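Common to both upcoming complexes is chain A, partnered first by chain B, then by chain C.
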Partner chain A sequence: MSAHSITAATSRAKWVAGTLVILYAVITMIPLAWILMTGFKSPSDAISYPPKVVFEPTLEGYVNLFTTRTRQTEEFLAANPPENWADEIVRQYDMVIVGPSKFGERFLNSVIIGFGSTFLSIFLGTLAAYAFSRFRIPLADDLLFFILSTRMMPPIAVAIPIFLMYRELGLSDTHLGMILLYTAVNISLAVWLLKGFIDEIPREYEEAALIDGYTRFQAFYKVVLPQAATGIASTAIFCLIFAWNEYAFAVLLTSATAQTAPPFIPTIIGIGGLDWPAVAAGATIFLLPVMIFTILLRKHLLRGITFGAVRK
Partner chain B sequence: MAEVTLKNVSKSFKSTKAVIDMDLNIPDGAFVVLLGPTGAGKTTTLRLIAGLEQPDTGEIRIGGDRVNDLTPAQRDVAMVFQQYSLYPHMTVRENLAFPLKSPILKTSPDEIERKVKAVAEVLHIPHKLDNKATELSGGEMQRVSIGRALVRDPAIYLMDEPLSSLDAKLRADLRVELKRIQAELAATLLYVTHDQIEAMTMATHVGVLDEGRLVQFGTPREVYENPRTAYVAARLGQPRINLLPAGLFGGGHPPNAVQIGLRPEHIETGTGQPADIVRIERLGDQTRLHLKFAGHDVVTLTDPHTSLRPGETVAIAPKAPLYFDADGQSIT
Partner chain C sequence: MSSTPIDRVAQATPKKVARRIKGLSDRAIAWIFVAPTIFLLLAINIFPLIWTIQLSFTNYRANRLNREVENIGLRNYERILTDSDIWLNMQATAHFLFWTITLQVLIGFTLAWLIHRNFKGNAFWTTVIVLPMMLSPAVVGNFWKFLYQPQIGLFNYIVSFFTGRDPSSFQMLGDVDLAPWSIVIVDTWMWTPFVMLICLAGLRSIPDYIYEAAEIDRASKFRQFWTITVPMVLPFLMLAVLFRGIENFKMFDLVVQLTGGGPGSTTELTSINLKREAFEKWRTGYASAYAIILFVTVFGLASIYVKALNKVKER
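Up next, the complex of A and B:
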């Protein structure tokens, strides 16, 4: 084998590479595993020192996350036996469940705002990217630079003007306001990424469709969109991850109605301070949608791009 | 099917003049072949007719109607691209059915099924109908893209080197098939090729392009036998026409002739002046004789069972040759 061969790795190189990848995966997984475990600990196990790796699992954190509870007198507790397993868990602190917590609502807000802004970013981004890619637009380069320039400082740098603007416009603490805000932040990324993907799709596909009797718009959605699916999927994941995890604007601009999960989760209070198992349970559930979304779109991400049908 | 006319059509891309002042009349039912070296403007001409490019000046008519302002879909043309562009996310069947399902044609499913089958038969691809477009060889892709045009019955078929990546046998088969289909449907066809045999055997008319200009238009025989310029003469004929100084064989040429053009049939062997045999090239269907005559290379044909050997000499003389003046224009 020549010294420059890049086709076959030696078994030693494979072994080293494999070990490094696994090591990296383990290191990045530890915080996640810790959060997952903490969600199933009792409050005392969660804060015990040295930290407990082996513990008796309980659903207390999850029950606390989803409910509000109140302390009751012994007579009341004796007169009203626990109605279900969740009730039973809270009885050990002489409490009863009095209703749902705000977590469900906050989570739903996150879903509406996260997916809403992702959809809007992708929708507008795809149309804009297509136009930039295919049509002669006056000052196209300047416009693209302008779009990119909105990302040249951290979005939070404009927090105060946005705060004032939103208060004036009545967009503070509204779903629409947050969707528009996250869309505004994401759209430059979306336009640039998608333009790159659409540029890669040969024009001949659409031109063939135009000649085959379709309108420009039909050619766009029947031929270009399926070709751009890979790019759209990966762009959507980036947009969703930003909108889903965004914390600073959410703290600043949302409160009673449109508050998302990130500012809510760390404020879950239990007996004598933060309820760590409930916080961890909230974080675990909060991770799921992005994970599922990514797994669902993984096929598109990995599929690679098919240019085989055009003779270059 | 319809007549297609270009009148004074020009098209530039920035500084490149791709098509210059073109007048072209494609009669109804004609099979017109466009010839020209790379960059001559053949593809651009097709794209102008299809409506994928807007002419800078001039007028394009299909079936008598001015179509300059119509979209490609409204022009009712079918095109086979030079970069044959199958829709990669569709199967072969879906690719072939795509034009039939368009909002303009709205073909019934039975009819689609029937037409797709028929076209697949003609192109020898019925067993590939359920393949993804990406799971085909280059030659198969090319046939599917021809098929995507043939399922339709448009005003004109535009084909940009449709047989270029097929093997010799398939190419010969499809040449016959295309010609048969064209004759059967009385279809109007504008066809780009570099292949001399395709041009000579299929065309009713040949148009020769030179840097965006249509320099000659006529039947294949006319263009072959009476090329208007030395450039046109060099486009048809294998081996290529020998263009030599007019006086090389002595006097007897028109006074303003600068070049003499000799195709193999213009060269008589056995009489005249001696030429050295450099090489004998046996191509199977023809045997070429490479000669050196007065310092110039001359290529002609000879009998396959010739007893001539390299290093020997053979006498040659021009016979009713072509003459061209200082501008390369033919002198008749």
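Up next, the complex of A and C:
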């Protein structure tokens, strides 16, 4: 676009547009900023009226998130001085830290299931996408549509038979069960996105490699994979985000051992109801990695959320 | 087939040698590569779907293992389709779908239209706006419950700041009239950026020369908007609506955390109702029939819609 283009916006139009967009962005950020702030509030500041924007920051929420505490008698508290700064924080409520909370475990489950299912979806998805992209597969379009249509089922509808099946197979509340399930859900996204990325790699590269004496598999491994690395990485992040955020299957199919963070965070109870600073602290820790990934992904975002239908 | 150089080389090479050079045949590789995916989907999607269909004709209850399972034919389907409560859930879902999509299309398109002015720093602000959409709906929904609290909640406080109403005089989540809107607001907050991104791609796909030609023909800006911009963005917009429609028809996590379907059943969307039937009342057979009805509905509506979308694209 040249500087004198008749289609370019005037500087005043740009200024108005910019102001409105920034206004929207600021409004949209308020809830997220509030989560971040609440995590550093004391329980009484968190529920004060009017809501406090300026407050004295404390790590209470984070301490409550990671620990379990019990109330103790004054004699006990006097006899055992606080061991560290975290202990000191809970002492103001006549409590002592007795051990870690379940949050660490739940978070770790999210990591294991998220990365496990992402690895598996990418592994299977890359192979399938390569085959769909390069070979003539009978009924390829129907198969691809079938793969996509598995996403249209409401998760609860899928969960009914999965629940029964996992109960028979002993996969209920196991990491393996959740990894397989999330892989099955993510694979449609992986195949569709990766096929798009591989379609963009010129066939000539592989053909040259094949003529040089590579086998088809070597050509795939040594020529196509490195070329598709960016596409594979961004697809992997999308799969990871989905598995990370998933709630419906997690709440229905996991409880004690394999429960992930999303069903756990809303259940953090403090004195007299939900412990909002601890909930906010958990949410902050849980949401932050996704925000960072989103920023890294911004160039491929559109492609990811539309299953490759819009490529920009 | 034989147009690629490698096929020509392959044809010119004796069979045995060709096999050694190429390793497995392409066909074998194709199947080895595709089979695991198809197998996984058959095991975790199709087999369960068939099982659901089979269960939907029975009175099976997953919490009573010793009870005899009877085949009751189409009774489950009959009961669901004549149940007035389920029509209320459908209405709640329709209200949610209609308003979320309308608001997201209006706000999303406007934002995209503004960002397309290419003001300074638009890329940065676009990334900021997009953030909510990638977050966990359950965790975010749970936190919005806090924002919606009367008295202490930030949402009520902001509303009262601008309208002067007492912040404890209304309950977004507890009021029968307001609760359906509370879920529309959060979903719109979360997913407007999705529509915006797709519209932006649509706007950017319109070549400048079309506007230049219109300018030379002295078409007004208003006319350019309705005869160039809107028709050319429409296929993109329709795609966005398709995605949002399917996703919101399945909506569960966000709303369950916000309202749990209440008060009463005013925000009990079909997925939440289905969960109650299947995992709280344990009417597995009945819930299976319900699931099949929902699936057929989404699938049917989506197919009709895709046909319409393709027609628009062809134009």
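In this text, the second predicted complex is superposed on the first by the 272 of 312 C-alpha atoms of A that agree within 3 Å, B and C clash if a C-alpha of one lies under 4 Å from a C-alpha of the other, contacts with A are read in each partner's own complex, and residues count from 1 in each chain.
Operating definition for what follows: a residue touches a chain if its C-beta (ideal position, glycine included) is under 8 Å from a C-beta of that chain, and two chains touch if they have at least 3 such contacts.
Because the structure is predicted, anything quoted here is derived from the model rather than measured.
S.K.: Quick one: is A:176 in contact with chain B, with chain C, with both, or with neither? Answer first, second, both or neither.
M.R.: Neither partner.
S.K.: Quick one: is A:202 in contact with chain B, with chain C, with both, or with neither? Answer first, second, both or neither.
M.R.: first
S.K.: Scan A:296 for contacts with chain B and chain C and give back first, second, both or neither.
M.R.: After superposing on A, A:296 lies clear of both chain B and chain C.
S.K.: Who does A:215 touch here: chain B (first), chain C (second), both, or neither?
M.R.: Touch status of A:215: both partners.
S.K.: Going by the contact rule stated at the top, is it chain B or chain C that touches a larger number of residues on chain A?
M.R.: C
S.K.: Can A:288 be said to touch chain B (first), chain C (second), both, or neither?
M.R.: In the superposed model, A:288 contacts neither chain B nor chain C.
S.K.: Name the contact category of A:14: first (chain B only), second (chain C only), both, or neither.
M.R.: Only chain C; A:14 stays clear of chain B.
S.K.: Check the residue A:98 against both partner chains and state whether it touches chain B (first), chain C (second), both, or neither.
M.R.: Neither chain B nor chain C is touched by A:98.
S.K.: Between chain B (first) and chain C (second), which does A:184 come into contact with in this model arrangement: first, second, both, or neither?
M.R.: After superposition on chain A, A:184 lies in contact with chain C alone.
S.K.: Which of the two partners, first being chain B and second being chain C, lies in contact with A:108: first, second, both, or neither?
M.R.: neither
S.K.: Would you please give the residues of chain A that touch chain B in one complex and also touch chain C in the other complex?
M.R.: 207, 210-211, 213, 215-216, 218, 306, 309-310, 312
S.K.: Chain B touches which residues of chain A in the complex?
M.R.: It is residues 202, 204-205, 207-216, 218, 223, 226-227, 306-312 of chain A that touch chain B.
S.K.: Which residues of chain A touch chain C once you look at their complex with the stated criterion?
M.R.: Going through chain A, the ones touching chain C are 1, 5-9, 13-15, 17-18, 20-22, 24-25, 28-32, 34-35, 38, 46-51, 124-125, 127-128, 130-132, 135-137, 143, 146-147, 149-165, 167, 180-181, 183-184, 187, 191, 203, 207, 210-211, 213, 215-218, 220, 241, 244-245, 247-248, 251-252, 261-263, 265-266, 274, 276, 279-280, 282-283, 286-287, 290-291, 293-295, 298, 301-302, 305-306, 309-310, 312.
S.K.: Using the touch definition up top, name the residues of chain C that touch chain A in the complex.
M.R.: Listed in rising order, the residues of chain C that touch chain A are 1, 4-6, 9, 21-24, 26-27, 29-34, 36-38, 40-41, 43-45, 47-49, 51-52, 55, 62, 107, 111, 114-115, 117-123, 125-140, 142-144, 146-147, 151-154, 157, 167, 189, 193-194, 197-198, 201, 204, 208, 211-212, 215, 236, 239, 243, 246, 249-250, 252-253, 256-257, 270-271, 274-275, 278-279, 284, 287-288, 291-292, 294-295, 298-299, 302.
S.K.: What residues of chain B sit close enough to touch chain A in their complex?
M.R.: 50-52, 71-73, 77-79, 81, 83-89, 98-99, 102-105, 133-134, 136, 138, 141-142, 148, 165
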